[in-house]
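Have a look at this one.
Naming follows writing order (A, B, C, D and E), and every chain is counted from residue 1.
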């Protein structure tokens, strides 16, 4: 009878098998962190994909086929991400996968795609994803290296010699910290303090007090909301006047709202998305950014963040690759992704090669500052 | 004869799957000491718990002072004037003796027919401490540090703080030295004689219980098998054989 | 006179400011039943706890036969043959009756834990031996029929017997019984008395008994020791103690009712 | 008791047969992945049920042991190039060793204090996984862990890894049953009910508590080791305090004292989120509600609930007297 | 190490510690009545902050009114939790109830996420955001508010449990619910009351802390963990211990981050907590033997 009970349990397992039905649509899979700690990435990404799906289908789809995007939430959890990825590959039989939102999850599932012969276009930024190049894996965000390069260029220009860094202890912060630790000495600058805060910490006064003691010329804070907002607030409260650089991870309106007046005067590298109106008219990204911001704001009531843009770019790269080869075969999509040249996206202008599966460079960033609660391009 | 203070008719109680009480009827008249005797597992404690509302009866009626209390919550039953001193004392061991006693009057705070004023409560406390001088000595000590006999007195004192008309006593002599047991039993008689308290008593030592009781009921596997004046039960051969054993006290 | 099985000398236990036991001596002979009586709070249970190692005595020495057990932890004392029961039943309610007694046999047959983990031949053989012995003990106390029942479903009186059987499973040299008759009615107590005598006969062990039920004490004990406020106030045969005026005043009371 | 042992062995046999036959029936790799994760979680949960359900101790740090196994084998096999079989053994060994060191002082604590101590230990471990970037790869994870291989033979397909994990799960369950049906199991249940009485029966309670703590940690370590080589990627987020809590929920939800129940709890909680995926944002609400309702209406866990249901069905379908009154009461 | 920095660490630690302490107080109240650890306590704190934000933004209410409404709303939710999820099954083993509270916390968190989204929000400080210089360290006016209100709540609870008969009646319910019922204490009502009070304390904490710590739907998880740690550090069941435990934990973290390593500050705090438990198995101010196991 216990056997029967076990059988019943396994039966329950079976019953949740949904059968996937074949259709003529162009099926794209997406694994995004719609909930959980990384939901600030996954949610705008999901919104963007849904919006674009409707938009593409309203225009008759891609190469005559309707676009169907199957989105799974990995809850920012690596195990759930693995299962979702397998489900997309095995059950849903998608032609291409977009996502995941976070680097760790991307690294965990990246190796499934070569055997499955399906391309993966990730929305997460870690360098490890595309270096060394996995023929089947691409990513769309600007790399940390480019952001750090931008900041250090600015710091050098202003004559800052001693830098302190304050990074969040999650994947994003760790990746940034590693690049900072590498590039600061490489650029001939001194790293005088290296502090860390937890992603859920609510007060960074202790770290800032310690940094203050090291007397740096500037502080670089690397994290995503809400931590850096707290850092900005604590800096103001402690009366620290040392210039503070932020990372591109906070390039959203939400940060300015959370940090309030403390955000005034902070400098950071950001994609052009945050300050569309200040992008010069001749820029190849201008039209696309203006439309994206307008559409998104209209549909969801808030301005899009650069993270949603990563999903936008991923989907546009994929559809471009389909159009180039007029083929929905995963193998053809992969081959054509590598051939994309000078295609404007929200993050920058993409030029892919078999050696470069990211396709962006430092020009994707502009340095912005915050003035009266608004972004202002400074270079 | 005056109307019974407590009247139980055709009571049935299930304890999980066990049919713990079967069609039990009994009554207790004002000023009486009534003793319940019976073997282990006969349902004596279950009966007391059912009266005080800790266990719900599946059928039957429990009438206390003319009102049906079989569906009331335990704290309401205490407020009606029926206090239960449970088996094993159950004093609040980390609280002080005085706090334990004060909590005894908890149900009488605020409004209600039997509500009392602060002065009355203090007065009651004083009365109990006089009745049990050991408790006065130890009123600031945590109740858990008292000896078994002292805890039993505290438990009774705590119940008396509610100014009950009926006291349900479950095994007051359990685990106590003969001398202490005698003292407790003397107190029970005094309570009846001086305060007019009515007592329903459960005690393993059937002889001792029947000696102070006016009447008794014998409970066997959930049924009342015998009832009558104590003297008759003491003399009953079956009772002697089953519950009284060889008498070494007398 | 035989060599004492248990010899406790000058036992002193203190809880914070309270002197629970002071200068208590106790010796128990093999094949004899030694009763300890006294008012509540006199230190009887503390004495049992100190002997069984549940409470560490600050003063005094304990010897079991040839072994000095003064500093042995409780489980070690049990393994040496000093086994106790509890006043408030401490049966293993989540086991069957048989398992309770088998647990009692725990310490006697030593097979390493990993052997049980892998269910080696030796461990299976041991299980079988233990099982047979446990059934034998259950038969002795009259619980054989109930072996498969959950211990918690047993009526109170049977649980008392089970606690005794469990202790016997450990094949003690000296059995400490802490109020075995508490909560039993008089006829049940008489059955218990006969059983304790039979146990002494059959297992040839010494018994130390703490009890309030004077009927039981007077009937079965060979020696009685009376404790009051942590000190011994009287010793002797049951008859001697019962007549001792100090004992009457402190414990028995004059029999007026 | 041997009757009970035989019954449990029959159950184990049936369980293994069903899971052996499951993959071909399920058809694809996704279900296989879900099933593999179920088996890994079940492995930890079975160990934890010995500790929580039988010995009555609690651990809110088992995710830490799971992670310790995973990181040890990952670091040894990837960074230092130790053969996988050896590094796996080392992973389980290290986990057991650390469990012994922690258990020694921690198991003197009781109840909520023990819960806090184990929880704190789990938190410390997860901070170490997160911060010792040089060893663990930090928050973005440890990549490039070699696949499972023994004696130079690599388990190249997911199916072969699944069968290997299933075999080890079978072994873990077998050991668990052996413990329960032996003097060790009785000693554990004894000290759960009454530490005093257990001591009085000659049981060295400190030793047994430590023993079962180490055994259950070793099971968690084993699961961690297998997980690392199965997924070839690990990240600290999988070994945090929330997973420890989830493990306890699996054990309690399944029915603390029943091994089959615990396994059912582990399977249920692993599969449930996959099930609920269709509900998107409402998923978390449903998950919470299902948890609360299960606990409210199945106080004995899935094991108790299913045996109650089964008895009902049994009686309805075959109208005959039950021969064995002890049947259906779960184990232990 | 200069004194101003040290003082700064201390101030920071006390502010963060007050967060933990207030959560720990909530734990204590429910534990003292029912003997269970309510894992949804952190969610009460979250609700206090998030509902204040909601009332201010969505309904445009002034801050004090928004906070009062948020506290009232959370108290109501506390009552609902007890009535719907705890009372029907109160006779279950404690571990089942604890798991139910875990489920409830997931439920509340999910509902908050659906209602108010996943964003983080800030609440304006009660009396300005300009820091006050204090012996070279910066002190926020809000910190003073937090410390003062926390102290007030602590004093109130201490009084309630050690002086008032109702407080003692609540304690009695946890020592022995059966005996409590038999002396006329309505155990159901006491448990309900305890959930309401601890929801109230949590919500007040959430509201006064939101200007400093920001708030979002998921702040409850971490607060629950730290609050529980604070409770144990101080000795379970003792409100004074809980508050002190919270403050000590906060200061430990802050000093750890400032003097030793910000990466390991949490680990450091837990190492000290563990070491302390091994020496004093029932917390700093706990009774010698855990009265409940």
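Going forward, contacts are C-beta pairs under 8 Å (C-beta built on N, C-alpha and C of every residue); 3 or more make two chains touch, one makes a residue touch a chain.
Note that the structure is predicted; figures quoted are calculated from it, not measured.
> If we look at chain B and chain D, which chains touch each of them?
Intersection of chain B and chain D contact lists gives C, E.
> Between D-E and A-E, name the chain pair that shares the greater number of C-beta pairs in contact.
Taking the two pairs in turn, the one with more contacts turns out to be D-E.
> Which chain's mean C-alpha position is the greatest distance from chain E's?
Greatest centre separation from chain E goes to chain C.
> Taking each chain's centre as the mean of its C-alpha atoms, give the chain farthest from chain D.
B
> Indicate the whole-number Å distance between the mean C-alpha point of chain A and the mean C-alpha point of chain E.
35
> Suppose each chain is reduced to the average of its Cα coordinates; what separation in Å results between chain A and chain C?
So the centroids are 72 Å from each other.
> Rounded to a whole Å, what is the gap between the Cα centroids of chain C and chain D?
Computed value for the inter-centroid distance: 40 Å.
> Indicate the whole-number Å distance between the mean C-alpha point of chain B and the mean C-alpha point of chain C.
32
> Would you please write down the residue numbers of chain A that are in contact with two or more other chains?
In chain A, the residues touching two or more other chains are 35, 169, 196.
> Would you please write down the residue numbers of chain C that are in contact with two or more other chains?
none
> Taking each residue of chain E in turn, which ones touch at least two of the other chains?
Expected reply: 113, 221, 263, 266.
> According to the definition already given, which pairs of chains are in contact?
Pairs flagged as touching, ordered by label: A-D, A-E, B-C, B-E, C-D, D-E.
> How about chain A: which of its residues touch chain E in the complex?
Where chain A meets chain E, its residues are 35, 37, 39-40, 43, 169, 195-198, 200, 202-203, 205-207, 209-210, 212-213, 225-226, 229-230, 236-239, 254, 257-258, 260-261.
> What part of chain E is in contact with chain D in the complex they form?
Listed in rising order, the residues are 37, 85, 88-89, 92-93, 95-96, 99-100, 102-111, 113-114, 221, 225, 228-229, 232, 236, 263-264, 266-267, 270-271, 273-274, 277-278, 281-283, 290, 292-293.
> Taking the touch rule as given, give the residues of chain D at its contact with chain C in the complex, in rising order.
Contact set of chain D toward chain C: 1-2, 175, 178-179, 181-187, 189-190, 192-194, 196-205, 211, 215, 257, 326, 332.
> Which residues of chain B touch chain E in the complex?
By the definition above, chain B touches chain E via 52-54, 73-75, 78-79, 83-86, 90-95, 99, 102-104, 106-109, 158-159, 161-162.
> Given the complex with chain B, which residues does chain C contribute to the contact?
Listed in rising order, the residues are 37-41, 87, 155-157, 179, 182-190, 212, 214-215, 218, 250-253, 255, 257.
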